[in-house]
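Heads up, the next two complexes both have chain A, just with different partners, chain B and then chain C.
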Partner chain A sequence: MKLSFSGKDLYSGFNLVTGIVPSSALKSVLKGVKVEVKKKQVEFVATDLEVLVKYILSAGSCEEEGGIVLPAIRVNNVLREWAGNEEISVLIEGCNCTLRSAGGYFKIAGEDFLQFPEIGKIRTGGFVEVDGEIISDMVEKVVHSVSTVKVRSMLCGVFVRIIGDDMVMVAADGNRMSTIKRKVNNPEGVSMEGIVAVKCLTFMQRFVSECKGVLKLGMGEQQVYFVGERGEIVSQLIEGKYPKYDELIPKKNDKRIEVGRNELLSRVRMASFMTNEEYRVVKFVFKQGKLLLSSKTSDVGEAELEMAAGYDGPDLEISFDPEYVIDALKVSDSDTVTIELGDGGGAALFRTGYEQMDVIMPIEMK
Partner chain B sequence: MSHIKILPASVINKIAAGEVIDRPAAVVKELIENSIDAMASRIDTYLEDGGRKMIRISDDGVGMDAEDLSLTFQSHATSKLLNADDLFAIHTLGFRGEALPSIGAVSRASIISRTKWALQGAEIAIDGGVLERMKECGAPEGTQVEVRDLFFNVPVRKKFLRTIPTEMAYISEVLTRFALSYPAIHFTLMHNTRTVFNLPPVRETAERIATFFGDEMRNNLIPVFLREELFTLSGYIAPPFFDKANARMQFIFLNGRYIKDSAIFRAISESYHGKLMHKRYPIVFLFLQIAPSEVDVNVHPTKTEVRFRNTATIYNYVLSALKEGLNKSAPKSSATTSFSQRTEKELTKAGDVDFIRGSLWEQFSFGRTSETKDMKGNEDVPLSVSSISNRDTLIPPNKEEIAPAIPGKHTEENPEKFFNTTRSQKGAYAQTPGARDWKENVFLAEEINKKKIFFQIHNAFIVEETDTGVNIIDQHALHEIILYHEIERNMRESQSLSQRLLIPEMIELSLKDFFSIVSIKKYLEELGVEIDEFGQSTIVIRTFPQILRHLSGKEFIESLLAELSDENYLKGKDTILNKLISIMACKGAIKAGQRLEPQEIEELLKMKESIHAYTNNCPHGRPTTLFFSLDELQKQFKRK
Partner chain C sequence: MNKIIMHIDMNAFFASVEQQINPAFRGKPIAVIGSNERTVVTTSSYEARAYGVKTGMTKYEAKRLCPHIVLVAGDTGRYTDTCRRLVEIYRQYTPMVEVYSIDEAFLDVTESIPLFGCAEVIAKKIKEDIRQKLGMLTCSIGIAPNKLLAKLGSDMKKPNGLVVIQHEDVGKLLQNLPVKELCGIGSRIETQLATLGIKTCGELGRASTHTLRNRFGVIGERLKLMAQGIDNNPVIPPEQEPDVKSIGHSMTLDKDVSDMETLECHVLQLSEMVGRRMRRGGYTGRTITLTLRYPDFTTFTKRTTAGTHTDNSIDIYRIAIDILNTVRLQQPIRLIGISISNLTKNLSQIPLFLSDRNKKAATCAMDKINDRYGDFCITWGTLIKRYQHKGVISPSWRPSGIKCINLSTRKTKK
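So, the complex of A and B:
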């Protein structure tokens, strides 16, 4: 079976799926990329058993069907060198594969492609459509709040919910939460929700940056599917019940402060210079028309910074882990950010963009 | 000190009976106590044959007149206690009126005494409990008690007496304790015409410590102090790297009296928690002054055991004073003088002060001394060789035979053998604790001028070249102890930050664990963990310390329960804090099996150098670093 690709196409596809190949796997077949030809298409498939990625190229004039599992890293290294070449031919004979291009060839030992794990049947109520870049941007805006503490596993992913033409993404650790809402095209009017692993989402972002265009998104009981023109991603959903995120959004925060996004970001960042890993806290004091930010850490030093703020209520004081505030502001695209506070040390709401917000819990000093 | 009364029967019954005199050292202890009670400013002890043949103790105290002297050998004759209430107001070391009669019953003893006002002294003698007639005699002001042929009429006891060196070791220990507790008193100890100690009065105990245990110990001592209404604690503690294999170097004095007390021992070991390896003991010199009403010293005839009215309070006082001391201190390695300098100084001193510091030093010796000093003082001399030769010069040859040994583990195990080797100590040094422990010790590097070689092996250990050899470092253990210190310092210096949780965490526990956690709820709250009870056996965590942000509440509670389980008796805030820090350090530290980049290794080694705290052992007590000297390697390869 003989195939032929442009160096650029072959490399970018192969390189993309290689990204999911686990660096250490017990089964050597998992350290490979499956190349399978069927229905005049070549599929490049890799998986770490949680996320499975498929990238599709045209098989050209090849009518045969069959395949091989190629050692991912080794072949990827070859293809990287040849990425500029006009043509690379791929000859698959049983478990051997010969890559040939201008000025040389590689004959590489592969493995039986039938040993490679299969994707089960797609089980989902339906698909919604959304521009790949929008969904990728949504992930970008919430992913900082995903918990890194493994034990509360359901917080280690992004909660995605689709109802009508609204898609909501939520990420939260125990201390803060980010949410964003965007429109999707939902012709079948399906509702679905699930907790998607961060690994799958960041891979989806890579996929989108390689292959622009509309993505179809579907979720079943256990899996999530992203299907694009050039390939697809299937991932296991994280089991568990996600907290009722809308109940965590404070409703009675009646003190509103408007501040410049850039200014606040730089002030918080500066104040955080006077904190350290073990002691991270910046005090926010809101006064008429201004905001004072201060930090003080023994052995490090202290800082007090002032900035203008749109506020005319009574003096307010609240402390945060600066990293949480910085994270929220960094992904904000607006010029101004609205902070909504309530009485007595509850959750603070940072409205950082259109239908985009962070709920941040304060720090208390004992 | 006059007017000896026979105690009323009611008091006699209150006084615990029992054998006080079991060996010469006990006689020495009782007699010196009497001299101290008599306000002596100089106490001379003279011994023959390890005290078996003769013990003579003379003082310049208030003395006794003939009338009092005639009563001293009578049972329960004391000038120090009149009735039972006085038992709780004891300011003197003696109060039972039993020591002299018990001594007199088992020896041939005599007392010569004269008060300031008397023109003539008097002498009374007793022979195996049979009083002889009193005589007048000329005598200096003060008292001299002579005890000959101890146990001559108690063959069983006599049989159990040990060799002269062992008995001398016990006696030296007794004298060491008095000398530490009463620095203003001039003590001497002579054995068979040789001077063992001559300790002129000094202003501070620290000077006595230097005399007994060396200048390096003195230079590293951490002063501790705490004053409360009925309680004062002062004294010194040694930094963790001066640790010992037993608790013998934990000197505790209560109102001047040497005591052993399990609560105080516990407080000591708790305060050093995480700084010492398993089964190693810190060195402390603690002087407690407690209102006599707060403590009962009449628990045991030897009076080394006491009963506090409020043990928990004493425990907490000692714990907090020591912790404070340890926190304040940073090892002043630069302050230590070089070994060769010290030897010189000592040699000149040894000329006029006639005591045998060398062998005492040997008995109390602690691991690190010789190595560090050699590194600085004698750079080109290979390690073990230089330490041996230096140590040799510590003991002038003519002093060998009078070497008393404070009983350490060696004398206990085989005292005879130990003493016999003193004569050939050159060869014996290899087995001394100092030399034996050296492999565990971290080379305390000063500035590193030239670039050192280091690399990682088996993704778990770091091999580091040092000036005099090689360190092999357990990366996890070292990082763990460094983190431990960092976290501890941070926690103590600043207010702890507590993150209020957006999603309170519910944790289901077994009933037993549930109650354990609920019982320490108050302490947890102080540390930033706010907990509510929920239902039968579920807790809800509402706030969580920021410093623990990488841990889930569940992990934290589980680790805490695991760490605390065998220490239920003391769940004070400090204990929990310590556990907490251990947990955090352990979770935060790089793991064994983690590959480290050269920059990371360098960083870790730098941290080890710069951290002003003890890093020899991880918080669980495992060693962090093994040191192999070049000399050792050369020997192993038969190059020497």
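So, the complex of A and C:
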């Protein structure tokens, strides 16, 4: 079976799926990329048994069907060198593959493609459609709040809920939460929700950057599917019940302060220079028309910074882990940010963009 | 201004406390031991010492030397309580009290001289106060211009001694003194010094700084100063102690354990002990270290750094269990320990979830109950049959602050 591709197309597809190949696996076949030809299409498939990625290229005039599992890293290294070549021919003979291009060839031992794990039948109540770049942007804006503590596995993913034409993404660790809402095309009016692993979502972002266009999103009881024109991603959902995120959004914060996003980001970052790993806290003091930021750490030093703020209430003091505030502001596209506060001990709400917010719990100074 | 430092060393402390509490033990050879099979003599009375009984002997060795010796299972709570009462006495004469160990303390009495006359008067008053308030406990006191010499002084006359080392006598005193008599010079350093032909403090004080630095590194110079009777270390009262770097507990188990369920139970108990101390001191930490020791004394540690700081016993337990699960045990476990480092003080991140805030409030309530009625008075069900650890008192134990560990295994009646 002989196939032919442009060097750029073959490398970009193969390189994309190689990204999911685990560095170590119990079965050697999992350290490879399955190349399967069927219905005049070539599928490149890789999986780490949690996330499965498929990328599709045209098989051209090849009428035969069959496949091979190729060692991912080795072949990817070859294709990277030949990415600029006009043509690369791929000859598959049983479990051997010959890659040939201008100036040479590689004969590579592969494995039986029938040994490669199959994707089960997609079971979902339906699909919604959304522009890949929108969904990728949503992930970007919440993923910083995902927990890394494995004990609470349900917080180690992004909660995705679709109701009507609204899609909400939520991420939270034990101290902060980020949410964003966007519109989707949901002609069938399907509702779905689930906790999607970060690995799947960050891979989806990479997929979207390679394959622009509309993505179809579907969720079953245990799996999530992203289907695009050039391929698909299937991932296991994280088991568990996600906390009721809407109950965590403070509703009674009566103090609203508008501040410039860039200025606040810069000031918080500067104040954080005077903190260290053991003492990571920046004090925010809101006064008439201004915000004072200060940090003080023994053996490091202290800083006090001032900036304009749209605040006319009584003096208000609250302290945060600067990393939390910086994370929230970094992903904001807005020129201004609205901070909604109750008292010094309650949750602070940072409205950082359209339908985009971060709930950040303060630090209590004893 | 020359300092006047006092070192107070309680004589045969644990044994004396037991003899004070139980008159039947008075005048008899007794040895205080732990409660388990692996126990050794922690202290013996002077009557037992006359038979050659020494600290560190097994109870069988002690019996062999002194067949009628009375072996008393130590009650650490009694000793820590007595230590607290001793510190109260010391504080009547100076606020500059550094508890060096459960039976030793340094006092800086420099500023107290105008009030009491001279250091010897203070020492005699302290001895009298101890006799009046704590009965037959005796102590040896050394008075000198610094901590090193004060400690040397208290060691020179035991029991019930009082030695004053004047500045002008230091050179003569140290000239022929064996180096091992100085606090801080152990058998290893003594052996290394002997290879350089140095056996006395006089010889060490005259040795070339260059030679000592080559052999011992940075402490070489300090050794020379020590041998000259120079020690600039101040007496540090607890409120001036630097912040701790880690908080931990370990326990040698009664018998070697390989059963995971039992090990998990010990990990939970240690996690609670560590968590309690952290919360009491206002600390939270991120790096949890698990220490395991096999019966052949092979000891190893594994650590994990969590994403956020915690002082919650269950969080510490879960992380420690995760670490334990990564270890393929090759032998049963003799000792298990948990410590937490990467500490931060007086900062408390308020949790996002109500359930976490409730958990925090419940922990706080448990702590209050245990503060009032005794440790482990209220605890998790799995710890009802918890390990009654009556092990040795850590040298780092202090009567107050973060190093204060409630070692009493008795529960106060409600």
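FYI, the second predicted complex is superposed on the first by the 365 of 366 C-alpha atoms of A that agree within 3 Å, B and C clash if a C-alpha of one lies under 4 Å from a C-alpha of the other, contacts with A are read in each partner's own complex, and residues count from 1 in each chain.
The rule we apply is simple: contacts are C-beta pairs under 8 Å (C-beta built on N, C-alpha and C of every residue); 3 or more make two chains touch, one makes a residue touch a chain.
Worth saying up front: this structure is predicted, and the values here are computed from it rather than measured.
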### Query
After the chain A overlay, clash or fit between chain B and chain C?
clash
### Message
A:174 in the overlay: touching chain B, chain C, both, or neither? Say first, second, both or neither.
### Response
both
### Task
Considering only touches as defined above, state whether A:297 meets chain B (first), chain C (second), both or neither.
first
### Query
When the two structures are overlaid on chain A, which partner does A:364 contact: first (chain B), second (chain C), both, or neither?
both
### Task
Looking only at the overlay on chain A, choose which of 41-49, 59-67 or 329-337 in chain B hits chain C.
329-337
### Task
Overlap the chain B and chain C contact sets on chain A and report the shared residues.
148-151, 172-177, 243, 248, 278-281, 321, 345, 347, 359, 361-366
#### Entry: chain A-facing residues of chain B, complex
486-487, 490, 493-503, 505, 525-528, 543-544, 546-547, 549-555
### Message
Which stretch or stretches of chain A touch chain C in the complex?
### Response
147-151, 172-177, 243, 248, 277-281, 321, 345, 347, 359, 361-366
### Query
Which of the residues in chain A end up touching chain B in this complex?
148-152, 155, 172-177, 243, 248, 276, 278-281, 297-299, 321, 345, 347, 359, 361-366
### Message
Quick check: in the complex, which residue numbers of chain C touch chain A?
### Response
282, 306-308, 315, 318-319, 322, 342-344, 346-353, 356
